[in-house]
Each structure stands twice: as C-alpha cells, then as structure tokens.
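Alright, structures below, take your time with them.
Paired with chain B in one complex and with chain C in the other, chain A is shared by the two complexes that follow.
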Partner chain A sequence: MSDATQPAPPLLEVEGLTVEYRTGRAWTRVVEDVSFTLDRGETLALVGESGSGKTVSATAVLGLVGRKGGRIAAGSIRFRGRELVGLPERELRRLRGREVAMIFQNPMRSLNPAYTAGEQVAEVARVHLGMGRRDAWRKAVEMLDAVGIPDPERRSRDYPHQFSGGMAQRLAIAAALCGSPSLLIADEPTTALDVTVQARVLELLRDIQQQTELAVLFISHDLGVVAEVADRVAVMYAGEVVEHGAIEELFLVPRHPYTEGLLGSIPVLGSGEPLRSIQGTIPPAGSHGAECRFAPRCAHAQPVACAVGHPGLSVVGAGRDVRCHRATDLHLEGIAR
Partner chain B sequence: MTTLLEVRDLGKTFARSRRLVGRPEPIQPAVDGVSFTVTKGRSLAVVGESGAGKSTVGRLVLRLIEPDRGTITFDGIDLRRQSAARMRELRRRMQMVFQDPYSCLNPRMTIADSVAEPLVVHGLGSADERARRASEMLDRVGLTARFGRRHPSELSGGQLQRVAIARALIVEPDFMVCDEPTAALDVSVQAQVLELLASMQRELGLALLFITHHLALVEVIADEVLVMRSGRVVEQGPVAQVLRDPAEAYTRDLLASVPTPVPRALRG
Partner chain C sequence: MTRYALRRLAVALPILVAVTFCVFVLVDLAPGDPAAAIAGEHPTAERIAEIRASLGLDEPLLQRYGSWLLDALQANLGSSLANGQAVTDAIGDRLPATLSLVVVAMLITLVVGLAAGLVAALQHGRAADRAITAMASAAIALPPFWVALVLVMLFSVQARWLPAIGYQPLSAGLWPWLSHLILPAAALSLLPMAEVALQFRQAMVTVLRQDYITNAEARGLTRPRVLGKHAAKNAAVPVTTVFAYRFAQVLGGTVAIESVFDLPGIGRLAVTSVLNRDIPVLLGLVAFTTLIVLVINLLVDISYGYFNPKVRT
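This part shows the complex of A and B:
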C-alpha cells in the first residue's frame, strides 16, 4: 500500500529497545536504547562479547524475552512497518517460522531428536505453508538438497543424532528456511564447528541470501567470521551499541576503542604479529555508573576527557555512529589492507 | 635443545560396541603410527579437524588412556613401563588443560582451594605454604585475591580457564597438554588466554603440546606443528615452514579454510 512518493519502510526497524530482566525484586537493564534497521537481502551483524546483550536484542525481535522473565521496558520493533511490541502471543507465533526464523549455535536446540530429518522440515511445510503430507515430504527433501546435504532422499530418514555438527547445522537451516521467511536470526551458527566446516556453512548462508533476498541478523563474538557474511556491523558492549557502520569502514577505520580491541584479538594467519587483546572483562549487567562503560578497560581512556558522564551515540559519518567521548580525536588501528 | 618428550609409532584403536542390528562397523584406528618430539621449553601444536585423533594423542601421551603400541619417553623415562603409582608421581611434571575448565573444578570448592588442590594431591608444602602459593599463582594468571574466595559458578569462562591454568602450573610442571583451551571462549578472551599461556611458557620454561582445530592460533603459540588426519600424521615441521610452504594438499585446504578478518568487499 506504499505510495509512490513514500519509500517502503525497512524490513526490520528496532528503535530505542530497552530490555530488563528480573533479578530478585529489582529489574536489571541488560539492553539499553538499542536501535538498528535491516533491509531485504542485507546482513547486519550484532557483535560483542558474552554478556554484551546481542542475543537478548535478537530474541526481543522474536518476542521471546517474556519467556525467560524479561520485559521490553521501552522501545519499538517494527517488522514491515508493523509494531511487534505488545502484539499478542498468537500473532507472534504466526510470525515466527513463517516470517522470522532462527538458528542457534547448537543446531540440536532447534531439532527434535525423536523426529527424522525429513519429518522436522516437512512439519514446517505443513504448519507454515499449509502443504499436505506428500507435498510437505517432497518439499523437505528439496530443502535438504538445497542446503547441501548429500543424498537427501536417504538422509531424510535419518535422525538428528546421525548427523555431524556441520550437517546438523545445515539441517537446522533447512528447517528454518522451509517456510521461506524474509528474516533469519543466526545466533553464533558456526561457533561450535571446525574452521573447515564453518567456512562451508557461511558459504551456504551467502548463497541462499543471493538467491532469496533473505535478510540476516547475524550474532557473533568473532569479527573474523562476521567479515565473511555481514554488510553492516553494530558492535555492542555492556548492553549498548557502541559503534555502528558499514563493514569495510568499521574494519579499516574503527572509531571505538572496543572495536579496535576486538579486531586486534583476531588471530590472523601469516600476520606474524602478536595479538592485541583487550584487558579485563565485561562488567555485569546493572553495575554501571554514570561514566563510559568501557572506560575501565579502554587503552585510550583519559582521566579528564572520559569522566564527563555517559557518552551518547553520535553520528560521525553516513550510517556511522560511535559512542565515545574521544570519537573525534582518536586515530585507531584497523585491519591492515 | 634437549628433547623432553619423544613419541614413537603411537597407536590406539578403540573397541566399538556391537551394533544391535546390521553389520558391525569397521574398526579404524583413532591414532595410527604417530611420532614426534617436544623440545624442553618449546611448543608443539597438533592440528586437524574433529575426529583426526589429536585429542587422543594428548591423552595417550599422559597415559590417561593406554596406547596399544608405541613408545613414550619423557625426560629419558619410558612411560609405558612405569607402574600406576610411579605414573601418578610423574604426572606432577606433566599437566593438562581442557576445553571446558568447569570439568576440572569442583563446584563446591573455592577457587583458592581448587588451585591449591594439586599440591595436596602430591603432598607438597604445609597448609599455609599451599594457601600462599595458590594466591601467588592466581595473581600470576591475572586474577585478584578476591577471586580465591569465590566458587566456579561465579566466574566467567575466561576466568575459569585462567583458574585451570593456575591449577596446572602450581605444581611447576615441565610439560603441559592444552586441548583446545580457547575453543569455548570469546575471541577477545581467547586472545587474553593465549597471551597468558605464551608468557607462562616463557617464564617457566614450560613445554607445550597445544591441540587445536584453528590454524591461525598455531602461529601465536607454537614453534612446531603436526597436522593430523584420520589418526595419521599428514605433515610436520617448524611453524613458519609448514604454514608458509605446506607440502601436503590437505594442509593447504586447512589453511584455506581459516577465515581472514577482511570484509569480502575489500578482498583482491
């Protein structure tokens, strides 16, 4: 219904998202004022260490934070322009699987051990595509073939435990994509895999994206993996987005010291250089004062310049935002070209 | 350059349980004719994909599982001829760190007690000395004294791996097997733990057998590398030589699969 003069809204628009979890009597803020957009065919990576809030932000999109004692305290999540926050569970359920699907680090989490590979995928076809038994089965075998599982006809009768880690992840991808969703949330999908297998699964995701205009929200702690798949990156730290930008810019000229540290932590084959690691650990949620949350670990923090309250996210270029008091005077080290 | 560990023609085949129906699966050796040496104070990386037999090699070397054949000579001692009691004594000098640090820590013990425990096992020092050594060791791996009073469940994965390293090093070993010690950690934390291992190795003159599937780590931590596939050695040699000029196609494939942290649009 979009009018010719008005551009269609982005596929996914998250604005000012704040998520809290109950800890005893109080609510602890684990995600604060997070905003991002995602268009068709695009891949946005949410990057950060464990505890940075990246997974919580993504599960909020699926309307799943309430399940684990959490709540969306503020913000808006619009999918194709439609507000998801406050939508009844029945409507959310229709969205999940059909419009938005998710894969996890452990593929077994989304697979039922008691059903064969074919049955898992066929179930999605029946529920979300309204197919009959026979068509659903045919569709399932097609999907197994499409994700590169060899001999799909025979493998469709095997159970998940009979698949290797990489093949099980392919199976989970087949089940996730069977309903032709327009958005896939991939939470560390290759972290548990060997590097060789990881490379093949990432290649599969790219191929699927080229063919189907699938949008992917890719969650990872590893910028090395993100370099393989993402168009844009939002770096998260202690519940906040600290830097956002196109992947090439962010890798070549990081503007936040945390991004610089994450890049320096990646072991690079043939670099001959020692790793530049970030000292210290991420603070527990809710323990932050009114200052910059990264300052205690920051190699560039200054006693005066960085003690002037909590830094806001400021625009430093087209589609480029940074949350740092020293954003304009720092020259940080990116990857070598 | 003194040889600390010499392994010759190591072999191990695990017995498969019979299947209920159908033909029994053919038995393939997990480790087949593996030989290598580790020099005092140096580091050997064993790399390969899942199922290559690299973890089995690590366990065989310490006789945590018994080899079927081959010899293991540690500092001139033929390990396979040692009694169980003598092996326990020898293990003070040969430690191991696992992928999951939680697996080697008692959830009910404080961190300080866990770190001191190997001293108790080997009957070293008085209670006071042990406590002092444990707090020194925690300090060396970058954990402050307050961590000593906590329990494993209160620590992050990276902190627990530091504890596991402190626990392994407190008995002043000459040799340590690290089996994918950073595979379950965030990249940033992995960098911290690798830095710690490298500095400990330098300071203590420790020899390492570092098991990993990630070839980019090899350059950071190892002097020599051994590439395994299906229980056999594909290629071995100095890190610089094997990584820059691999002789085997399999090694080249492994190298090609290592992700480059360069966005695709910027690659030539």
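This part shows the complex of A and C:
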C-alpha cells in the first residue's frame, strides 16, 4: 500500500477535529477545528486552562468521547496513516492500551482501589499480549521494576492506597506502558504530585522516551512543566488551537497574546517582577459569537478588528501557526528558557 | 485477612451472649407461668410449685441463664415443655423448609436485584432507569404478607400454575420442591430485591464516573470486563450491606410467610412456641437465628475486606 518513495505518515495526525457534547437537547461544541501531528519519539504539549478542550481532544484520540456522551462532529484522526474516526469499537479496543495508552492527573483516582498493583499491570499483559496468568504477573513485576518502584516483587501484591502519590503514578505508567504502546497520552500527569516528586516522574518519562521512541501527547496547564518535556507546543483556548510552534520559539517569541499571558504567569526566580495573571475567565463552550474568542480578555484587542471577525489559524513560519488578527503587527514578550 | 476475620469473630461472641440474655430476661418478665400452663386445669398451688422446681424455675434468674448458657455452648438447648422433644431436634426437623425458603428468596433477591440495578445504572436518567426506580420504590412500600396473598390469588387460585400451600422436601424432586417455594420466596424477596436494585444502581452510577473506569476503558478492556470486574467489585460494598441487613428481616419474615403458605419451618415453630409458652424452644430459636445472623454479618464483614482492601488495615 505504501509507496517507498513517499515519506511515512506521522505517527499521529489530527486534522480539523471538532467534538460536541450533548447539553439537554442541543449539541455544544467543546473542541473546534483542532489539528496537530506527532511523530515517534516526539513530545507535543497541549497547553491551556481547564475547559480549553485539551483533555477532550486527547480522549478523542482514544475513541472515548462517545462513552462520555459526546461525538466527533467533524475532522479526522489518523494513527500510522489509519483513520480512527468511525472505526468500530472492537478495532478501537485493540488500539487502546496496545498502541495508544493514557495516564491521568490523579493516580490515586485512576488506579482501581479494589485490585493489587500487580493485577492492574498484569491485566494489560493478559488482554493485549495474550500472556497466561503466571507470565503476565512476571511481566507486571518487571514493569514495576522498570518504572523504578523499589522491591517490585513485594509491592506487586500491595493495593494502590498503600502507594505514595509519586509511586502510584509510576505504577500507572507501568500499567500504561505494559502493552508497549507507541503513543502515550499524559493528562496532567504531575499536577497532583509534590514538586520534588514531579521532577522525578518527568525524568522517568524522558528516560522511557529515549529508550523506546515513545511519542507523548502531554496535556498541561503549566508551561513551566511543559518547558521540561515538550518539543512542540499547541496552546489551546476555548476549544481552539490559538498558537502552535517549537518550544524554543514559542517561549522566546510568542505570537499570540494568550501565550504571552501564560508565559507571564510563570514565576521567574530573582526577576523582581510581580507575577502577571490573565484577567477574566474562559468563556463557556457554546457561547462564542463570530468574534475572536480571546478578545474580551486580550490586552491588545482592538475594538473594531478583533470584535468583528473570527480569526483563522494562519501560518507565520515553519511549523508555526497563530490564530490572531494582529499576528503580524504585534511584538509580544517571551521568556528565555 | 485471617487476623481481620478473627477480630470480627471476637466481636460476634459477646453479641450472641447479650442477645440471648435479653430474650431470657424478657421471657421471664412476660406474664404467664409455664408451670401453670403445664399443670393443666385447676391445679393446686403445690402442684405448680412442684413443676416449677422440676423445671428449675425457682432458681434466681442469673443462675438459670448461666446453666442454660453452659448447656447451650455444648449444643444442648433443653427440651420442649409441650412435647418433650429435644429443642435441637425440633429445630433440625423444621430447618430444611426454612433454609430452602430463605436460600431461594435470597437467590431471587440477588439475581433480579443486581440485574435490575445494572440495567438502571447503564440507562441512567432514561426511561428504563425511571421505570425500574419507580417499581423498586413501590415494591418497598408493599407488606410481604399482602404480596403473598395477591401472588396466591394470581398464580394459584386463578392461573393454577403453582401450589398455594404446603412443602415438599428436595428429596421429592427439584420441581415439587421448587414449585412450593417460588411464591413464598417471591413474596419474601420483593423488598430486599428492590433495595438491592436501588443500592446497586446508585453505587454503579457513582463508580462508573470514576477515573479508574475511564482508565480501564483507555486500556482497551471489553465492556463486560470493565463492568463486571472493575466496576462491580467497587460497587459491591453498599449492596452487601443491604443484603446482610435485609437477610435478618427475611429470616424474621418467615414467621408470617410460613403461616400464609403453611410451610413447616422455623417461623411456624416460633409461632407455636410463643402460643404454648414453650420457653426452651423459644430461647433455642432465638439463639439459633441470632447465630445465623451473626455468621452472615461475619461473612459480610469479611467480604468488605475483600471488596475494599482499605478496611483490612
């Protein structure tokens, strides 16, 4: 099927993804026209406030929006060149946990309290790798060891509540990676952890990535954490991607006022400057008119230009897109990494 | 796990002693004199005193309880005042009918209750959910003996599908045995079934919203596996609580239901022993049913440790 002269498709290609959720009798758009790509070994960060649609975009990749009462209204999600939208549930199941895995914000809540650590990992080995009980258990102990859980033999028989937050997240990572997926969706994986533990979990993810060429879709509201892990960043606001680019460029020269605002809210030690915050809150889904969705909170908004038309995502450089009417005439303030 | 079970057992024993002691005192306080009942019509005061002495009724209360308890611990519950049969034998004779009734009733409770609860939870907020919830709420309000009479009217008197009264032992064949139990068991299980359904529905609705369920889905597990393994084990705790609590009531309910359906069980024995002031039989029955309820509660406590590992420590 694939032509030798053609370059291999990227691992993950999301194009024009639009997701709607049912509210009463109507459907509300929570994600609109979101596009991004991800290659093997690469980390793309989806950044934005809660309610910006980053988690919904990620669950769409797993084909789980239907479970949560939503639907993919438009767009395509291709994994290794294969279209996932409209794929039957049975095919999607074979993908989940095997090709695409996910870890969650709070490991204590995402691990089943009624089953042992070993069982949660071994189950993946049984279901996806077709292993017998004994082999699966051995594999589980190996996985616990690989993610740096000390004394894995003994700990495999413990329950999640007997683990600390950091160790529990390692356990969740072990379960996610047990099927050797090529894409890991990490939904705020360090947000619920202590700062020192955060750093070690991020380090673990980086190590695993180097060893296995794992692609990571990293969802976070924290640009400080993103700076540690991401190659590229897609900034999301009110269900749309508003800026996209390589991390260095985006940090040094942000092109969207919202990105500038997010960067300004990262504390810089010894800068002496007060922390800036973005005034206002994200507008609720479905309330958007034909204006720029960020305009009401934007420090650079112009009364006529920004209130009238909805800006499209325009290319402003290699791998650099911005959704702003004033993308060409604004000079925004970034920070050095 | 073993230590947890032993600890629960240590709590159960004093309860058994306390319950039987309370009943002992209550029977003692109740009006009426068993010796007078035995002595027949127009007895002399001497004759009554004689019988009292032979039954040990003239000894102080604590002493009587003490010797009863000592005997009871050796599985000797005394003998009936009415016909002299050993109480353990009397209970043993009546046990199969009651046991059959309770087991069938509890099976119906679990199978129908859990199925209805699961359907309601999966259809949460939709028509099927509303229908099941409404029916369960109505079922809770219906008294079992009335349900029993209605069932007899419908299925025995009018449709003639099932016998209205009587009992056949299991040795007489599965269908003769079961056909006599369906109606009484259905009447007895209606209330616990409705409660199990409501509890399981609520627990499943809550559990299905948890991150670990999304996570199980994200790992590519099949729907039956997610529901049956990951969700059900977490939703089981409130259900076992209701089940155990209602089990004691079902046991108590046999008193009325066995009378309606003329089943020769422990419930009927209890009624006769009260009417005859047959104190040894009554005490024996109380001790026996208390023991059963305690054993069930113990099993439920142990099951908590299985369903929710956090309570073990």
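Throughout what follows, the second predicted complex is superposed on the first by the 331 of 337 C-alpha atoms of A that agree within 3 Å, B and C clash if a C-alpha of one lies under 4 Å from a C-alpha of the other, contacts with A are read in each partner's own complex, and residues count from 1 in each chain.
In the analysis below, a residue touches a chain if its C-beta (ideal position, glycine included) is under 8 Å from a C-beta of that chain, and two chains touch if they have at least 3 such contacts.
Just so it is clear, the model here is predicted, and its values are computed rather than measured.
Asker: In the overlay, answer first, second, both or neither for which of chain B and chain C A:Gly165 touches.
Answerer: first
Asker: Regarding the shared-chain residue A:Glu248, is it in contact with chain B (first), chain C (second), both, or neither?
Answerer: After superposition on chain A, A:Glu248 lies in contact with chain B alone.
Asker: Based on the superposed arrangement, let me know which partner A:Pro113 touches: chain B (first), chain C (second), both, or neither?
Answerer: In the superposed model, A:Pro113 contacts chain C only, not chain B.
Asker: Examine A:Ser277 and indicate which partner it touches, taking first as chain B and second as chain C; both and neither are also allowed.
Answerer: First partner only.
Asker: More residues of chain A are touched by which partner: chain B or chain C?
Answerer: B
Asker: A:Ala101 contacts which: chain B (first), chain C (second), both, neither?
Answerer: second
Asker: For A:Ala227, select first, second, both or neither according to whether it touches chain B, chain C, the two together, or no partner.
Answerer: Touch partner of A:Ala227: chain B, not chain C.
Asker: In the superposed arrangement, which partner chain does A:Leu263 touch: chain B (first), chain C (second), both, or neither?
Answerer: The answer is first: A:Leu263 touches chain B but not chain C.
Asker: Once bound in the complex, which stretches of chain B touch chain A?
Answerer: 49-50, 156-159, 186-192, 194-195, 213-217, 219-220, 243-244, 253-255, 257-266
Asker: Could you list, by residue number, the parts of chain C that touch chain A in their complex?
Answerer: Chain C residues touching chain A: 210-212, 214-222, 225, 230, 233-234, 307-310.
Asker: Hey, which residues of chain A end up touching chain B in the complex?
Answerer: These residues of chain A touch chain B: 49-51, 164-165, 194-199, 202, 221-225, 227-228, 230, 247-248, 251-252, 261-272, 274-279, 281, 335, 337.
Asker: Note which residues of chain A are touching chain C in the complex, please.
Answerer: Listed in rising order, the residues are 62, 64, 67-68, 92-98, 101-102, 104, 106, 109-116, 123-124, 127-128, 159, 161, 172, 175-176, 179.
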